[in-house]
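Next come two complexes, and both contain chain A; in the first it sits with chain B, in the second with chain C.
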Partner chain A sequence: MNRRIDWTAHIVLILGVALFVLPVWLVFAGATQDPGAIDRGELSLLPNLHGFGVFADVLGNGVAGATPVWRMLAVSFGMALAIAVGKIAISLLSAYAVTFFRFPLRMVCFWTIFITLMLPVEVRIIPTYAVMAGFGLINSFTGLTVPLIASATATLLFRQVFLAIPDELVEAARMDGAGPWRFFRDILLPVSAANVAALFVILFVYGWNQYLWPLLVATDPRLDTIVIGIVKMIGTDSAVPWNKVMATSVLALLPPIAVVLLMQRWFVKGLTEGDK
Partner chain B sequence: MERRTIFRGWLLPVAFVLPQLLLTFFFFLWPAGQAIYASMTRQDAFGIRTQFVGAENFTDLFSDPLYLDSIRRTVVFSASVAVLSMAVALLLAVFADREIRGRGLYRTLLIWPYAIAPAIAAVLWVLLLHPQIGWIGHGLRALGIHWDYKLDGAQAMLAVILASAWKQVSYNFIFFLAGLQSIPRAVIEAARMDGARGWRRFRTITFPLLAPTTFFLIVVNVVYAAFDTFGTIRALTRGGPGKATETLVYKVYVDGVENQNLGSSSAQSVVLMLAVILLTAIQFRYMGRKTER
Partner chain C sequence: MMASLKLEGLRKSFGATKVLHGIDLELASGEMLVIVGASGCGKSTLLRLVAGLEEPTAGRIVLDGRDVANLDPAERDIAMVFQNYALYPHMSVFDNMAYGLKIRRLSTAEIRKRVEEAADMLGLRPLLDRKPRQLSGGQRQRVAMGRAIVRHPKLFLFDEPLSNLDAKLRVTMRAEIKRLQRRMGVTSLYVTHDQVEAMTLGDRLLVLHQGVPVQLATPMEVFERPADIYVAGFIGAPAMNLLPARLAAGGTAAQLDAGPLVPFADGRRAGADGMKLTVGIRPEHVALVAEGGLALQVDLVEPLGSETVLIGRLPDGEMLSIKLAGAAPPEETVHVAIPPPNLHVFDAATGLRLEPRG
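Up next is the complex of A and B:
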C-alpha cells in the first residue's frame, strides 16, 4: 500500500534502540579497556581486543576480597530458578484446589492468598526479618528463596485460565472417570502450558533481579547474588576497579536477557494477557 | 463459579492449598501483624523495655518535617518516573506499530531491557554519569557544567529518575504496543477516510482508545517507582547527598535497619501498606474486568 520508506518511524525507532543498546555497549567496550585509561575518563567506543581476559578474570577470581563472579552467578541462577519453579508449582496447586474442589473455608483461603498482593516485601522489611531470624533462616538458601515463593498474582492468573476451560471439556473428563490427578495432568497442565512458559520468564527475571530481600536475609558473602555483588563493588569509596565492575555488569545482564529473548513470544503474550 | 466444583472430598484440596497458605501466613500475614503491633509500641534506648503508645508513632511521623519531605520527594520522583518512561514508551510503540520493514527486529530490540534489574540499571547509569569516568558525566564537565550527582541533591534526583525511568520503558512499551494492536484497523481506517491525519488522528482516536492501558500503566508505574526502586537508589546515591533521594521505602530501611528505630519504622511500614492497598484497590476498581469476585 505504502511504497515509500517511513523515515520518521525508522529514525525514532533507531534512536529508541540506541537509548538501550548504547549504554550496555559502552559498558561492554569499557570492560576491555585499560583501568588507568578508564580512571582518566578516556572510555573508548571500541572494545580493546586484547582486553577480553577481564571476563575470565572476574568469573574465576572476582574483585579483590569479594566472591568470584561465577559463584554469584550460580547463586542468582539457583535463586531465580527456585523462585520461578516454586511459585508456578504452588500456584498451580492452590488455583486447582479453589477452582475445582469445594472444601470448608475455600473462599477464606482464596482471600487470604489474594491479600498478599497488598503486602510487598518493601513494606514489611523489619518484621519479616524477625520471622526469618526466628526460623533460623538467616543466611540460608532456603531463607533467600522460600519466602518469595508465595504468589497471589500467579494463583489468580491460573484461576482465570482454569475458569475459562470450556464446560464440555470438564464434563468429558468427568464422564471418562478421570480422577483428580489425571484431570490435572491431562487437562489442566496442557491447557495452561503457554501461561506457565510466560510466567516462568517473568518470575525468573523477578528472582534474578531481587535486591532488597537478599540484602536483608543474606549477609554471608557466600550467598551474595550477582546484583548484590555489583552494588557492593561500587559501594567502596576507595579505588573501584571499574573495568571489572563493567565486566561483571555485562555478565549479570546476560542470563535474564537470554531467557527473555529465547521465550519472547510466550512472554509478551502472557505478560499483556495476565493481570500483571 | 460453583459449577466448577467437580471433585468431592476436602483432604486433597486442603493439601493443595496448604503450601501457599503456610507461606502466606508465616511470611506475609504474621509479619504484617507484627508491623501493626510494633507501630503502636516504643522501645527504650537500650531495647529492653517495650511500651504501648497507641497512635503516638503515627502522630509523631506526620508532624516530622523530615517524613513530610520524604512524602513530597516520593511523589515528585514517582510522577517524574511514570511520566518520563510512559511518554518515551508510547512514542516508540506508536512507531513500532506502523507497517514498516524490520518492525519485528525493532520490537525485539526494545523488549529485552525488561530483563534489566533496577540495581543493575543503576550501575549502568553510574558508569555513564560518574563525573570522573562516565561518558555523560565527563562530557558535561568538559562543557563547563559543574556535574557531580554525589554532591548536588538536584542532580542526584535527576540521576535516580533517569535510571528508574530508563529501566521501565520496555515494560510500558510492551503494554502500549499490545494496546495499539488491539485497536481495530477499521477504526483507524475510518478516521483516515474522514481526513483525520497524523497527530490529530492520534489525539482524537488512538489515544482515547488507549485509555485503559494508560490508566493501568499509571498505577503500575507509580507502584514501581515508589516500591521497586530501592536497589536503584541504593546503588546510585544511597539516599543522598543528605536526604536528597531518600524515598519512603528507602527511609523505612534506613530507620529500621540502619538506625534500629523499630517503632517509627513499623509505623512507616503500616503507612506504606495502606498506600499499596489503596493503589491495588484503584487498580481493581477500574481494571477489575477479570477478577469480578
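Up next is the complex of A and C:
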C-alpha cells in the first residue's frame, strides 16, 4: 500500500466539497444576519452569533401573516411520506402482478403502465385537476397526495428487481406451501427490502420537492407545503425578510437530510448489492 | 413415511416441442431411482412434472395410490432439493428449514424438534443461526436437504443437487445423500447428468434420451447390458469404444471393419451375414498383446495414478481407448486384442442391442 498522502486528489475533493457546501453555508450564515444588510448585498460569510433566535422564531411564528414554519414542515412531511409510502405500496403490488402471474392481457397491463412514463405530471395537470375538482378534493390532503402516487418508474424498478429473483426461490416457496400472499410477505418483501429503502429515500425527496401540483390544488394556507411557503415569503411585498427566508430554507433541508442519513445504510446496500 | 410412485403415460410438450414422449415408471416404496441423461433430455422436466411445478400434457402421476397430477405442489407431500439450493437468503438456517412447517401450522415445539433432529443428522446444529450467505457450498447443500427432510414427505426429488459443488465435496455429499436416503427410507427421484452419481446412488437407473426412456434397470445391468448405442456410450468412463463391423460366419462372429474377425462368445445373433453392426468394447476390456492383433497408434496417454488411459487410432482411422492397470508401455504403437467375452453387439441401423439367439 502506498501510504503517502495524495495531495492532488485531496485538493480536488476539497474543492468539490466546498462547491457543494458553500451555497448551503451562505444560506445558513445569512439566516442569522440583518435582513436589510442582506438586501443591500452585504452578506457576510460568518454567522452572526446573536442571530440564531431566528430559527426558533420562524419555526414557531413564521413570517408575519403567514403560516408558522412547523406547520408547513408537517404538511410537507406528511405529503412526502404519503407519496413515498403510497408509490411503493402500489408499485410493489403492480410489479408483483405483472412479474409473477400469468393472466390475460398481462403484457397490455405492463405496457399501459410503461407508457404513462411518457406523461409527466405537468402534461396531465389540467385533466388531473379537473378530476380532483370533480371529486371535490381540491384543498384536501387527499387531493394533494393521491394524484402523485401512481408511479410507473417504481413499478418498472420493482419489476426488474423481481425478475432478478431466481425461479428456484419461487419454486422452493411453492413446494414449501407458500401461497401468493405469503410468498409476497415472507420472501419477496424481505428480499427486496434494500431496494424498497433506496426507493423510499428517492421518493421521499421527490415528494418533498413537489411544487406545481401543491400550488394548484391547495390554495388554503393550512395546506401550504414548505416549498410553497418559501416562495410565498419572497413573492409578497418589497421588504423581504431575507433572514427568515434563509432560516426557513435551512429548516426545509433538515427532514430530507434526516431521511437520507437514517436510510443511508440501506440505501447504499440497495444501490450496490446484487442479489446474494 | 413410505409411499410408492407410479407414472403412467406422462407426456409434456412446450408448444409444438415435445419434451417427454410418454414415461411409464413404477417406484417401490423406499426406492431411489436415478434419472440420467445428457442436458436437454427432459430429465428435469420429468422431475418438475412430478413436483407439480409444470403441468403434464397427458398422463397420470400416482403417489401412494392417489392421482396427484392436478394438485398444487404444496398438496402433493413432496419435497425437492434444488440445484442452486434455493435457500431463502434473508432467513437463518433454522427458519429456512422451519418455513414449510410453519406454513403447515405445526406447533412451535414440533417444528423445533424436527429441525433439530434434521440438523443433528446433517451436522448443522452449530449453524442454525447463520444466514445462507455465511455458509459454504457444502453447508448450503446440507440446509437444502434439511429443508426437505423436516417435511417428512412421501417423496424426495433431487434436481442435480451436487453439480454446484467442487469435485471432492461432491464425493462426500454423494455418500451422505445415499446414507440419509437409506436411513430415512423415503422414496426418491434423483436427476443427474453425471453417470458416476447415477451408478453409485441409484437402486435403479432410468436413462432418458431426447425425451424417450431408453433403459430402466439396475446400475450394474445398465453397465453390463446397455440397451442401445446411446446408453453404451453414456454410461461408463472412459466411454465404451464403438467400432463398425458386419455380421459374419452365419451370425456367430463380427467382422470388424478394422480387420479382425471376433467370434461371439455368448451365442449366435439373428440376421443375415453382412448386416451392419456396431461392436462395443469397454476400454478396460481391451487387452494388450505382445504382437499380432490390431496395431494402435497412441495419440494420448492419461495417467490417472492407479490406472492409465491410452487413446489412439487404429490403422483404418477409428479411435480406440484402453484403460490399463498401472503405467503405460513406452511404445508409440501398441498391439491390442478384442477378447470375445466382453463384446457388446448392436444393430447399426436401429442402435439397439442384439442379444444371442439360441
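One rule holds in what follows: the second predicted complex is superposed on the first by the 255 of 276 C-alpha atoms of A that agree within 3 Å, B and C clash if a C-alpha of one lies under 4 Å from a C-alpha of the other, contacts with A are read in each partner's own complex, and residues count from 1 in each chain.
Here, a contact is a pair of C-beta atoms (placed from the backbone, for glycine too) under 8 Å apart; a residue touches a chain by one contact, two chains touch by 3 or more.
Keep in mind it's a predicted model, so treat the numbers as computed, not measured.
With chain A as the common reference, chain B sits beside chain C without any clash.
Using the contact criterion defined above for the overlaid structures, shared-chain residue A:Thr219 touches neither chain B nor chain C, since it reaches no partner.
When the two structures are aligned on the shared chain, A:Thr142 is found in touch with neither chain B nor chain C.
Of the two partner chains placed by superposition, A:Asn61 touches none, neither chain B nor chain C. Looking at the shared chain after the overlay, A:Asp186 reaches chain C, while chain B stays out of its contact range. Within the superposed three-chain model, A:Pro166 lies in touch with chain C and out of touch with chain B [touch as defined at top]. Greater residue coverage of chain A by touch, when chain B is weighed against chain C, goes to B. By the touch criterion defined above, A:Arg174 lies against chain B and chain C together after alignment on the C-alpha atoms of chain A.
Between the C-alpha centres of chain B and chain C, as viewed from that of chain A, the superposed structures give an angle of 90°, to the nearest 10. Of all C-alpha pairs linking chain B and chain C after the chain A fit, the shortest spans 8 Å. Overlap of the chain B and chain C interfaces on chain A comprises residues 174, 275-276.
Those residues of chain A that touch chain C in the shared complex are 166, 168-169, 171-178, 182, 186-187, 190-191, 193, 275-276. Against chain A, the residues of chain C that register as touching in their complex are 51-53, 72-74, 78-80, 82-91, 99-100, 103-104, 133, 147. Those residues of chain A lying in contact with chain B across their complex are 1-2, 5-6, 8-10, 12-13, 16-17, 19-21, 23-24, 26-27, 30, 38-39, 41, 43, 90-91, 93-94, 96-104, 106, 109, 112-113, 115-120, 122-131, 135, 146-147, 149-151, 155-156, 160, 162-163, 167, 170, 174, 180, 183, 205, 208-209, 211-212, 215-216, 227, 230-231, 234-235, 242, 245-246, 249, 252-253, 256-257, 259-261, 264, 268, 271-272, 275-276. The residues of chain B lying in touch with chain A in their complex are 1-7, 9-10, 12-14, 16-17, 19-21, 23-32, 34-35, 38, 88, 91-92, 95-96, 98-101, 106, 108-120, 122-128, 132-135, 138, 166, 169-170, 174-175, 178, 220, 227-228, 230-231, 234-235, 238, 249, 252-253, 256-257, 262, 265-266, 269, 272-273, 276-277, 280, 287, 290-291.
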